[in-house]
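Read from first to last, the chains carry the letters A, B and C; within each, the first residue is number 1.
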Amino acid sequence: MSHVIECQKISKRFGGNQVLKDFDLTVDAGESVAILGPNGTGKSTLIRILASVMRQSEGKVLINGSEMKDEAFALRSQIGLLSHTGYLYTSLSAEENLKFYAEMYSLKDPEKRIAELLEKVGLRTRRFDRVATFSRGMSQRLGLARALLHSPKILLLDEPETGLDQEGLDLLWSIIKTDDPDRTVVFTSHNFKSTVQACSRLIILKKGKIVYDAPKGDLTEDGLQALYHDVTGGKS
Amino acid sequence: MKTFWKAAFAIAKKDILLELRSKEIISSVLLFAVLTLVIFHFAFTADHETMTQIAPGMLWVAFSFSGILSLNRAFIPEKEDNCMEGLLSCPVGREAIYMGKCLGSFIFMLIVEAVVIPVCAMLFNVDVFNPMIIFITLLATIGFVSVGIIFSALSVNTRAREMVLPILFLPIIVPIIICAVSSSSAILAGGTFEDIKQFLLIIVAFDVIFFTVPLMIFKYVVEE
Amino acid sequence: MRTKIALALGGVLMVVALVMVFIVVPTEATMGNIQRIFYFHVPVAWNAFFSFGVTFGFSIAYLKTRNPKYDFIAESSARIGIVFTTLILLTGMIWAKPIWGVWWTWDARLTSSFVMWLVYIAYFIVRSFITEEERRYRFGSIIGILGFLSVPIVAISIQLAPTTHPKAMIFNDGLHGTMLATLLISIFAMFVVYFLFVFLQYDNCKDAYEIAQLKKKLLKESE
């Protein structure tokens, strides 16, 4: 039985900047993995490498046992990605954005899935409006709909809470959980509250290395905060 | 292969839709192209014979400058809200993204040319609205756009991007301009297909080289 | 070490080449003394093309491997290439004034050298616009590849126009024995000088890179 995500000794350099070095990680089906750590520690880089929008300098990424490098096409369609931006064209309407991405993913029955998702993220009535008129929370929800469009088995989120209030963030997480509760999720965050609520496993990074990796257990928000400061040396 | 064209057409369609929404770029680019012709009139008031000689040159100066203007904008929508990363996460090759952006800009340039050529023919009373010249222009536009798109993708990620595109783009498209202008002039001077065959061959060679190589290396522009 | 060898060899060869050019080789019958610039002009032209070829090769190597050293070589070579191209244009103009009576004509070879010069000037200007190192190397490589491909096609397209540039004479044995020897020695001397400059420039790039690395490390530690 192969892992859903497996990183083998991945390194990433930007010029002379070593962001990740010999990084190993395995994620199993149904896990919800939170990755925390100070800024500039390689969280975003990791998510981008997993989504194959960025290429690692060394090492391998395996998705369901196949190597990303060889089968990027097939594997990308199993992955949904949402970052602090929703990857939306602001001059197009919500529906046009989703239709465009549906074509890019070669969806079989796009109308049905688009209608279903717009309902789920609560934007059905605003579907003909331009994204430029949307609030931060609305466009982030539409971004989530875009990431879930092709019903990916893996969802990658890079600081999805940016610009959202707690209410907006809770809504985002409830949509993720109701769309498919068994989905494997890997996300980075700075928000302890939603991290505790959403994750089943917790990883803390420091300078491109894993310094803490354990199941969440019965950790509370305050417990997490104390743990985080303890492990990273106080800086967030 | 099917997904390649599907994705490329989807991207081109999306770009056209975006442009139809605002109509900002097409209107300003068209105005700019026509203004170039007007400036030419004041810069060189000449008799009809001289005008016939310089008309193809005027056309390509107008195409180059207005082309730069529109190519500079080609990747702005992908830069806003970081959409390029969204495209990269889709299950399509980077080649399809390049192809799609090229198609969009190609159609855009065709619209510009479809306006500028007849306007030039009317304003200066020269016979540039002629099937052979249109054919040459179409052929040359392929290489023009495919070079422009890769440099546009590159320049959007640099400081001072408005300056980066023209200084890279103009020297590289020199062969296209030379061949398109020389062959169009030959046609206006009463030449036949035989007379311009060599120029057309170079344009085709340019199109092939400067479409294939950027297609191959586009991924290095967009993927870190 | 390699720099010293190149310096010694280049120095000796240059002296030999100068002696050949100014003392040994006979004065050309129609053009007179000005023709001697040819022994400088042609080697510089060949080496300019060679340096941009090296830039092309190492640009591909950089994109494949992402090893910054390859970009340093590509950049160093392009820098020398620009110096050589500038010299082609200058020596060409010095030769053209007495022979053609003008400093410049839009002749095929002149124009293509000039366009080549513009392409690589743009290469350096654009690089200077990119602050992030990795991106600078990557974009530099892309320009290094596309720029080099444009050189022959510019030359061919301009060639269609009638040219007054003297035809290459080496291959149709229009060249006197001593003249050919002088030319070959000059080319080789210039070739060694090219390597000398590339070595120096490469060390320069590498040192600058290492200093930047150390600075970053220090900054990180002091945090």
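The rule is simple: contacts are C-beta pairs under 8 Å (C-beta built on N, C-alpha and C of every residue); 3 or more make two chains touch, one makes a residue touch a chain.
Model, not experiment: these values are computed from the prediction.
Chain-level centrality, scored on Cα centres against the all-protein Cα centre, points to B. In terms of the distance between Cα centroids, subunit A is separated most widely from C. Looking at B-C and A-C side by side, the one with more C-beta contacts is B-C. The distance from the centre of subunit A to the centre of subunit B, with each centre set as the mean of the Cα atoms, comes to 38 Å. Averaged C-alpha coordinates put the centre of subunit B at 31 Å from the centre of subunit C.
The distance from the centre of subunit A to the centre of subunit C, each centre being the mean of the chain's C-alpha atoms, comes to 49 Å. For subunit B, residues that reach two or more other chains under the stated contact definition are 224.
Listed for subunit A are residues 14, each touching two or more other chains. Shown for subunit C are the residues that touch two or more other chains, namely 134. Taken in their complex, subunit C has these residues touching subunit B: 63, 115, 118-119, 122, 125-126, 129-131, 134-135, 138-139, 141-143, 145-147, 149-150, 153-154, 156-158, 160-161.
The part of subunit C that touches subunit A in the complex is made up of residues 66, 68, 132-134, 136-137, 209, 212-213, 216.
Subunit A contributes residues 13-17, 57 to its touches with subunit C in the complex.
By the touch criterion given at the top, residues 147, 150, 154-155, 157-160, 163-164, 167-168, 171-172, 174-175, 178-179, 182, 198-199, 202, 205-206, 209-210, 213-214, 217, 220-221, 224 of subunit B touch subunit C in their complex. By the touch rule above, subunit A contacts subunit B in their complex via residues 14, 48, 51-55, 72-77, 79, 81, 83, 85-92, 96, 100-101, 103-106, 130, 146.
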